[in-house]
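Just below is one structure, and these are the notes that go with it.
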Amino acid sequence: MQSKREMKIEEKPERLIVDGVRLDGRKKDEIRPIKIEAGVMNRADGSCYIEWGKNKIIAAVYGPREVHPRHLQETYRAIIRYRYNMASFAVDERRKPGPDRRSIEISKVSREAIEPVLMLEQYPRSSIDVFVEVLQADAGTRAAGITAASVALADAGIPMKNLVSAISVGKVDGEVVLDLDKKEDNFGDADMPVAMIVDSGDVTLLQMDGVLTKDEFMEALELAKKGCKYIYDIQRECLISKYKKVNSD
Amino acid sequence: MQSKREMKIEEKPERLIVDGVRLDGRKKDEIRPIKIEAGVMNRADGSCYIEWGKNKIIAAVYGPREVHPRHLQETYRAIIRYRYNMASFAVDERRKPGPDRRSIEISKVSREAIEPVLMLEQYPRSSIDVFVEVLQADAGTRAAGITAASVALADAGIPMKNLVSAISVGKVDGEVVLDLDKKEDNFGDADMPVAMIVDSGDVTLLQMDGVLTKDEFMEALELAKKGCKYIYDIQRECLISKYKKVNSD
Amino acid sequence: MQSKREMKIEEKPERLIVDGVRLDGRKKDEIRPIKIEAGVMNRADGSCYIEWGKNKIIAAVYGPREVHPRHLQETYRAIIRYRYNMASFAVDERRKPGPDRRSIEISKVSREAIEPVLMLEQYPRSSIDVFVEVLQADAGTRAAGITAASVALADAGIPMKNLVSAISVGKVDGEVVLDLDKKEDNFGDADMPVAMIVDSGDVTLLQMDGVLTKDEFMEALELAKKGCKYIYDIQRECLISKYKKVNSD
Amino acid sequence: MSSEDILSEIRRDYIYRLIRNGERIDGRKFDEYRNIDIELGPIERAEGSARVKIGTTDVLAGVKMQIGEPFPDTPNQGVIITNAELIPLASPTFEPGPPDENAIELARIVDRGIRGSNAIDLDKLCVDPGNEVWIIFIDLHILDHNGNLVDASSLAAIAALLNAKVPNTKFGIDKDDERLAMNDVPITTTSAEIDKNYIFDPCLDEENAANVELTVITTSKGELCGMQKTGIGKIPVDTVPNIIDSSINMGKKLREMLLKVVEGNRI
Amino acid sequence: MSSEDILSEIRRDYIYRLIRNGERIDGRKFDEYRNIDIELGPIERAEGSARVKIGTTDVLAGVKMQIGEPFPDTPNQGVIITNAELIPLASPTFEPGPPDENAIELARIVDRGIRGSNAIDLDKLCVDPGNEVWIIFIDLHILDHNGNLVDASSLAAIAALLNAKVPNTKFGIDKDDERLAMNDVPITTTSAEIDKNYIFDPCLDEENAANVELTVITTSKGELCGMQKTGIGKIPVDTVPNIIDSSINMGKKLREMLLKVVEGNRI
Amino acid sequence: MSSEDILSEIRRDYIYRLIRNGERIDGRKFDEYRNIDIELGPIERAEGSARVKIGTTDVLAGVKMQIGEPFPDTPNQGVIITNAELIPLASPTFEPGPPDENAIELARIVDRGIRGSNAIDLDKLCVDPGNEVWIIFIDLHILDHNGNLVDASSLAAIAALLNAKVPNTKFGIDKDDERLAMNDVPITTTSAEIDKNYIFDPCLDEENAANVELTVITTSKGELCGMQKTGIGKIPVDTVPNIIDSSINMGKKLREMLLKVVEGNRI
């Protein structure tokens, strides 16, 4: 079914930041409201639901479990599979179901962002499967997905050295800002998703689209560090409250 | 190769039943002419060719045979695979070869219609493969396919508790009729394919499209029972004559 | 991305042969310039680069190596896999990457053209993989590919009873000519690629498109024999110089 | 026999024993649904959406609308396209990849009820006769599979349609966005046979124990507008009328519940 | 060695011994075809159709026509699309799925003969120059595979074309349906080499025993209009002319037989 | 452990020992590229092409142009489509089939640099506003994989663009073919971390030994126009600024080298 008439194009607003205030009222280093909950799904071994701005994302973990087909098994460690997927209705224009090039790349870099904290040697020949479903997208979905996946892995009891926390920084109207929303992502100058192990200060995901000067990049990296710290606290809080709830049940 | 000009649309006739007589001259409970023959193919282990109205359908059975890939094997029983397929030229507008959503659903419900009569425990780790090829379609192909598949399975010597017989009933011009043809199917109000084990009165396939009141449904179900009985007699006849022919050869 | 405006169609020249001379200045039994080199690739076990007219083709060989998936293995011999592929930019109008029906057929007949000279019994359960990449196409690519593949197999040290040499003959402006170029192929009357084991006079590939009388066919076959002999000498020369180079290094 | 097979056999036996005593594994009556939770409009980006939980079975339906070409035989009617994704997040048995026979059957049953009951007023979805009509995509995203996906998916689909608005302004049509015009509210009810008893809304363990299920879709008037037998079992023909009667009754109850939620939401 | 391998080796040896004595497994002469049965028009829904049996090899060809765009370099000519399906019903070695290399090669050889001989008068298939032309789909449905699919498929395709009528009325073109205009009747003949002898129309056991086959397609005038060597064997170049001669003769006989059937059918 | 695993472990240990001593397996300095060879225009059939060898890593880039529809949100701009094929000829680990995650990531990084730097003047690629624009296909054909495919592919892509001419005449546009208008020449540099040292242009053995790589793309002005961390390792955040500085410097050198080749070719 081919589309006959295109949706009207959203026009670029004249300014995205006015007097230091962004269109949705945030300051440049302010993060959108986040709601996060662990253990929300029944069948999965671990799960996490996150609302981050208008992003609505579920992450679920199955495993460690047997690997099929067997030739994918590794003798001395578990393999991780990470599938980032977007529901057809998650974006303005309905997308065809199934993986596209963008989601395949995001799945790869997200897997590589998560893998450093996992103690995979404990589960030879098995797999740990992470599924991230974007139910509604509002920019920053890969960072939100990694953040949720990290919580879901902890919820599943997978041995982890630490949590991974992620956020996007970028440049909008020539200024470096934290946590771009959809409009800022569409009409901004640069977008840079970052994932970190906050405790050790290690970067596990770093991508950049658009243009940044060296100085802007340094500023952005600093903002990302602060942002990841903020996200990390939310992740811990969420896991503690889940733990308390389980123990009080 | 995209189509530039569409075929002319067939117009709905003013009436499909006039004075209790259908467009092709049949009464409401009358079945189209059926010609059926077992053992028509050379390579297959069992086969059946059926002409039912303008439907022309071949069913063939291979098995029990080894299952590839091996992880599909079941330890204590044979698996059945059922593939309903339509030739590109079977319908008015040429169809792209290969399975579509409709034929995948029909394959599933047909397999489930046949499975109850098969003694699968006798062939652990193997498969019984049923292939139904619609060479020309004239409504009621799934029922005709199941009817032929049942005969082909018997012809292949697969141990069966009984035969499965199938027919379609429906509503046309507000009246419940047996064995819809293509025009009745296109312009009718409801279509309900039914498969039964006639001896035991068990339903193994039941689907319904369109709208029926409870009373109409009851009437349709009664017609379907009669229809299946009629089909069953034809199936038995066919197998007996095949058996006689083999023995007299 | 659908094309909106087609490329201009190349028009057929009035004559393709004028006074016995072809458009590019060749005589009817003359072969385009050929440059051929073995051992050009680093990772492959054997390789060959050929320029033949404006054709630019690389053949590479991997093997004997283990076969995955295992059910493709043969107990008493190696299997050959042959993949003829064209780069997207090899032809005038960009082609979609990946195999099409033409390249699948060429891969099959090329494999069957090469297989007779290979001593496959020496490598049970393994595979020999031949990859032919057409970087620029100028008619006669399957013959050039087989010619290069044969050298690459020798370069890989695969035991061979002999080399296979290939060339195309055809009919242009009603005359039988050797080694058609792109224009002659597009606007000619017949094209007949031939592969031979020159020493034994055995044909291992023979295809024909277009129309030839019996007499024209006989003439074409004679030309093909001469052409293959010419190609064979180039192949031998190339392997000797590679051998010399290796030994002098 | 693997330990898993043994466990599932034990569970199966247990369910059978219970059913023989008129009981179910979670204490429900034979014609009782698990708790049903309907959330309308969770996906603001979609023209309509609904998330339906039946017990822990969890389905999200999204309705998107675009303008496209009509089918040649219905030049003045909108087009419905229904799709279901059994994403691997929802169950250890779901594999990534294009829809398999189960996903396809699921989507086609949901589609059948909507089409059979003429639920959507397709005539109102014509923009330019013969040329431009609304295409309605109904996408079902299964989030958690604990049995009876058919009823949960159908309920989510019809709730999402009731929640939907035609996005006229987004496509430059000179009309306000308006509620999608509906003719009917078809309801799908499924019962599974265990030891000759029919139990509504089987949970996953019950589905695994049962051999056959019958799905019956009914209109507001109590007519039948779609049926599907699933599973490798058989249904004695004499028991069918009873199942139909129960399904019509059950459909009525579920429809009332759904419409109450919808009305509550519209206020 | 598996028992199956041993059996096939025994059968192979037997066939070789027979051939050395000038005999074939089913008693035929080296240049003798199995019984050929041609049924014209079995599929009324198709514009043309034919079912051809050579021995127990069984192929159904259907011709469908639609109106589409011409290729940019032939704006006034119809388009031919040939497809072959080796459906798993026809042989235990055929797998479901998209056409594999054997199905593709088969379709391309059939196509080559029709195209090379200019069999269809493509100029007569132009509806609106540069814009609308007839697309001819030739679909080959292999029903039973007992060797020599190429000859059976080619014969079925050309018989179906001879049976075809252009469906003008169905597409609203103001002309009666008329017979598809043909320029030629190409015939495909295939011989297999066993122990240096060439036998026409190999049955499956003979194909399995042979290493190489040569397919030769000829026009009514006795010209060659397509060739294909298949299989991993080799053909001594000196033997080729003889095969060509025999193929031209054999093509003449088969063409006569086909045309007799067609005429009989048209009366 | 297989003998292959043992061998790769030995090689890895060897590389680590070397790096600790400030040495590399092929004698290069940490910030030294292998020999770079750029051939412009090897594929005459393409609008632009370049073959780039970095050591024995070998990539062929072809640029083809067609006329198509613009995206609705950029009705006056050309369209870029970048694709990479990791053909099995180039490495024993590459499989035939559609692009896998590595090929897709590779194409997307190359694309990112070109897009981010606004390298192609897309406004000049409008033929008929809102209706016809040039589509630029950048196809990367990996011929030999000995490490650092990203830098070799990016260099080949940008060299092929610098080599490209807009084929106006071939498409009946009344203008001479003209050089593709470029705004910038982005350069991609990749360094791999081994034992806390960052080495540029890792060869395959070094890539296999390293856990993480960082790709940095820079504009002519020394701005960043794309980044990608690849691999399962982690990068201490404090080391990032140094890598960025080195990458900007290295980008400058590579750009000079490339432009010298291009100028030499244009004379």
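Order of writing sets the chain letters: A, B, C, D, E and F. Residues in each chain are counted from 1.
One rule holds for everything that comes next: a contact is a pair of C-beta atoms (placed from the backbone, for glycine too) under 8 Å apart; a residue touches a chain by one contact, two chains touch by 3 or more.
Everything numeric here is computed off the predicted structure, so don't read it as measured data.
Chemist: How many links in the shortest chain of touching chains run from chain D to chain E?
Modeler: Steps on the shortest route: 2.
Chemist: Same interface as B-D shows up in which of A-D, A-F or C-F, over half of contact pairs matched?
Modeler: The pair repeating the interface of B-D is A-F.
Chemist: Where the CA atoms of chain C average out and where those of chain E average out, how many Å apart are those spots?
Modeler: Each chain reduced to its C-alpha mean, chain C and chain E end up 27 Å apart.
Chemist: Between chain B and chain E, what distance separates the C-alpha centroids? Give it in angstrom.
Modeler: That pair's centroid distance is 31 Å.
Chemist: Got the chain A residues that touch at least 2 other chains?
Modeler: As it turns out, chain A has residues touching two or more other chains at 7.
Chemist: Would you mind listing the residues of chain F that make contact with two or more other chains?
Modeler: If we look for residues of chain F contacting two or more partner chains, we find 99.
Chemist: Could you pull out which chain E residues touch chain C in their complex?
Modeler: That would be residues 1, 72-73, 99, 101-102, 104-105, 107-108, 112, 115-117, 214, 219, 222-238, 240-241, 244-245, 248 of chain E.
Chemist: Residues of chain F touching chain C in their complex?
Modeler: Touching chain C: residues 42-46, 49, 56, 58, 60, 62-64, 66-69, 79, 81, 83, 85, 87-92, 96, 98-99, 131-132, 135, 137, 139, 141, 143-146, 170-172 of chain F.
Chemist: In the complex of these two chains, what residues of chain C are touching chain F?
Modeler: 1-5, 7-8, 41-44, 54, 56, 58, 60, 62, 65, 83, 85, 87-94, 97-98, 129, 131, 133, 135-137
Chemist: Name, in rising order, each residue of chain C that touches chain E in their complex.
Modeler: On the chain C side, the touching residues are 6-7, 9, 75, 101-102, 104-105, 107-109, 111-112, 115-116, 190, 192, 196-197, 200-214, 217-218, 221, 225.
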